[in-house]
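Please find one structure pasted underneath; my questions will follow.
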Amino acid sequence: MTTAVPALKVEHVAIHFGGLVALSDLNFTVDEGEIVSLIGPNGAGKTTAFNIVTGFLAPTHGSVSYRGTPLDGLKPHQIADIGLVRTFQRTSVFPNDTIYDNLLIGLHRQSRVHLPEALLGLPRARLTERKVRERAHELAEWVGLGRRIHDLAGSLSYGEQRLVGVALALAAGPSMLLLDEPVSGMNASETHTFVELIRNIRSRGVTILLVEHDMPMVMSVSDRIVVLNYGRIIAEGPPDTIRNDPAVIEAYLGKAAVHA
Amino acid sequence: MSEFLQHLVNMLVLGGTYALLGIGLTLIFGIMNVVNFTHGVLYTFGAYMMFIVVQQLGMNFFLALPVAVVAGWALGAIIELTLLRPLRGSDIDTTMLVMIGAWIAMQSGALWIWGGVAKSVATPFPEAPLVIGPVSVSWLRLFVLAAAALLIVATYLLINRTKLGCAMRATFQDHDTASLMGVNVDLIYPSTFAIGSSLAAAAGALLGPVYVIFPQMGDLAAVKAFAIVILGGLGNITGAVIGGFILALAEELGAGYVSSGYRDAMGFLIIIAVLIARPTGLFARSERVG
Amino acid sequence: MKLIATLVSIAALASVPLWLRDPYLMNALITTGIFIIGAMSLNLLLGFTGQLSLGHVAFFGIGAYTSALTSLGFDIGVFGDFHIVHEPWPPIAGFFLAIVVAGLCGYLVGRLSFRVRGAYFVIVTISFAEVVRLVALNWIELTQGPLALNNIRSIAIPLPGLSELVIRTKLHNYYLVLTVAVIAYVLIARLVRSHFGRAMRGLMENETLAVSVGIDVTRTLTLAAVISAAIAGAAGSLYAHYIRIIDPDIFAFINTVTMVIMVISGGKGSLAGPIVGGLIFGLMPVFLRPIMAPEAQWIAYGGVLIVILFLLPRGIVPSFSRLLSKQRGQAPAPDGMAFAKNDAKEPA
């Protein structure tokens, strides 16, 4: 077993909205190559924590750093540049574009050329374009939607859109992927496919942090689970530990369930 | 010093009518989220109404004013029902462009009907101005100030003391919740647009006799209305009133002490300066969260 | 297929002066062509980046004035006795300078647009254009104000080895405008199909999502604004050297509205849209002139804009191509989708 190298570090993060303390003194790490899930009852602060880590919200205290680089004050596109890419729960795709065009947009970071070269159609620019288009096809194949690559993303089923959303995030070439309730609204077989996909992504060296409600899915895919309640971490550890942790059971099911 | 006092008096007169313009637009822009490019045309319409009623129909000047206001109200309602209601739910760009189309058509219509030559309206006030110490103000302008103040107070009462006003405020704060609570949006929207338009028409009816009346007079008025709305914050009536007076003051001081040619630029410069400094306006009431 | 259609169109347009003799129509075609270049540049901001900039005429006018003043020379006094004197330069220099200066203004607007979004942005752009108009009107020492800048010289293109080609006649101007229009079209098409174009589209469709994959909003908007403004400035310069007299009325809001109508009716976000819209609304006055007074025409244009927004909100070209693909049994191409066209034939 290789030694764990921390990738994402969340240190003493707290956030206040006026008088409301949404998160207080959050501390956890995600190691390189891990799959970590962030769970907790509704209102526990998972989404808030997620938005802070991905740069969409600034914490009142504390800091988040990725591979040693603090994310303080970085804009979302800069955070993507250092390798952290997130998916979205609701609008996860560009609905009026084909899957192909969606992926091409996602491949923005990989397709950078100098503007004059692009406008003049110089060979170097054309080569980059060709490579990017090939990659778009690869990504579509990889999530199983290769045959539908020229369909409008908005015409896909909910589960398929989520797959495109993940492919879109992967297109940006992340070293760490942050998934926002990726399987919410999916049926059992779609969820199963998704779990395989996540494992596949991790085996290619991408670290994964996900926020989710679906407990069986979380239990089956995570290396470690971090449990939030009322804005603070109440438990942390591998799935088996969490499954039996009284604090977690109480948080979800109430005191009586602990003694059941 | 006396010059400054004179500017101040002029500012009060002008500010009152600007406030009417601003209140009208901030209601429409705030409650309906429509970038109303026809607001200037309604201003022009109010002025031409005065011309028709006083000069062409020979009616009493003081009766003409309510006629102009009611006509503005009616035109506003027609615009909302024919152009905006069918497009409800479209993106803001589409409605904006439709408003531009209506503006072009209506202004060209005015040009076609009345021609480009400026018209003036006879007023029943004595020529000699009222002189108080170092300051002089014409009776007409005093009347304008009084009428504007009356209309502002009436609008306040409408918005804050009536059921309709309450419904309008609720719709402004949260459209969906308001309709879930039983507010009839199909009634609120045309009412809002009509009221806002009537205020613009009132401003035009008041200022038309002060200056002259020509088809493009509403263009500048429209921009000034937007400047006032931006100054005062969307949907903020008090802000619109304050904004109206600030704009009038800036224009008076700018014209008096800088250059009269750039007087009308004051409104534009204010818009640009305020939005660069505070992109949500000076007195923005609610910040969007999330 | 598309390439052939494009080449045929260009050839057809190029042949026009050979059979069209009416100077009035030629004049209309030339000014229409200039406005089409302006409309194409507006489309870049409005249709491909989703920024409703209604001050576009400012870039056009600034280009016109820059070019005119560069070729006429000027002498202005600043801070008392200190004078800035500019000797007249060849008009062709004015053309390129117009592109640069307009582009710079586009840069300012682009940076501004990042801070101020949505309806407020629209208002700011309108204000910007009006301020420019008032400056042109009042800074008489520089611009002659309402007295206008006249006797602007025609552009002369230096030909290596030979003497220069002076663009004096309508024939010359027509071909110059056509050339610039084709160059502008190709430039915009290439831009839209490049990764910059995709970034613009991503921003327009879903900014939050676009930003999460690394698209820089400010940079993209600014780039679009600069290129859009520069092309508009080029059009302005062509206008100044063709009409040879310009006054502050060039900044009238009605000129922005004309370009907006051309873009919206033709189809924003489509490359051919502004051209179709431009030809229709640029040439309509010519055909309506015998039957309708100008004011009545404008009533009609306002009405047409409204009707198009109600019935064909996407514009003529996209609605037409949608109809065509339905007839062929294909799924309609998505809005504004130039990216995938090249590989449509690749196996799935």
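Here the chain labels run A, B and C in written order, and each chain numbers its own residues starting at 1.
The definition used in the following text is that a contact is a pair of C-beta atoms (placed from the backbone, for glycine too) under 8 Å apart; a residue touches a chain by one contact, two chains touch by 3 or more.
As the structure is a prediction and not an experimental result, all values here were calculated from the model.
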For subunit A and subunit C, chains touching each: none
Chain whose Cα centroid lies nearest the overall Cα centroid: C
Centre distance in Å when subunit A and subunit C are each reduced to the mean of their C-alpha atoms: 42
Geometric centre distance via CA averages, subunit B-subunit A, whole Å: 50
Where subunit B and subunit C are represented by their mean Cα positions, the distance between them in whole Å: 33
Interface residues, subunit A side, partner subunit C - complex: 54, 56, 75-77, 80-81, 85-88, 91-98, 100-101, 104-109, 111-113, 115, 118-119, 121, 125, 129, 132-133, 137, 146-152, 168-169, 171-172
Contact set on subunit C toward subunit B in their complex: 52, 112, 115-120, 122-124, 126-128, 130-131, 134, 137-138, 253-254, 257, 260, 264, 293, 295-299, 301-306, 309-310, 313
Subunit C-facing residues of subunit B, complex: 29, 33, 35, 83, 86-87, 90, 92-94, 96-98, 100-109, 111-112, 219, 223, 226-227, 230, 259, 261-262, 264-265, 267-269, 271-272, 275-276, 279-281
In the complex, subunit C residues that touch subunit A: 187, 190-191, 194-196, 198-199, 201-202, 205-206, 208-217, 223, 331, 334-337, 339-340, 343-344, 346, 348
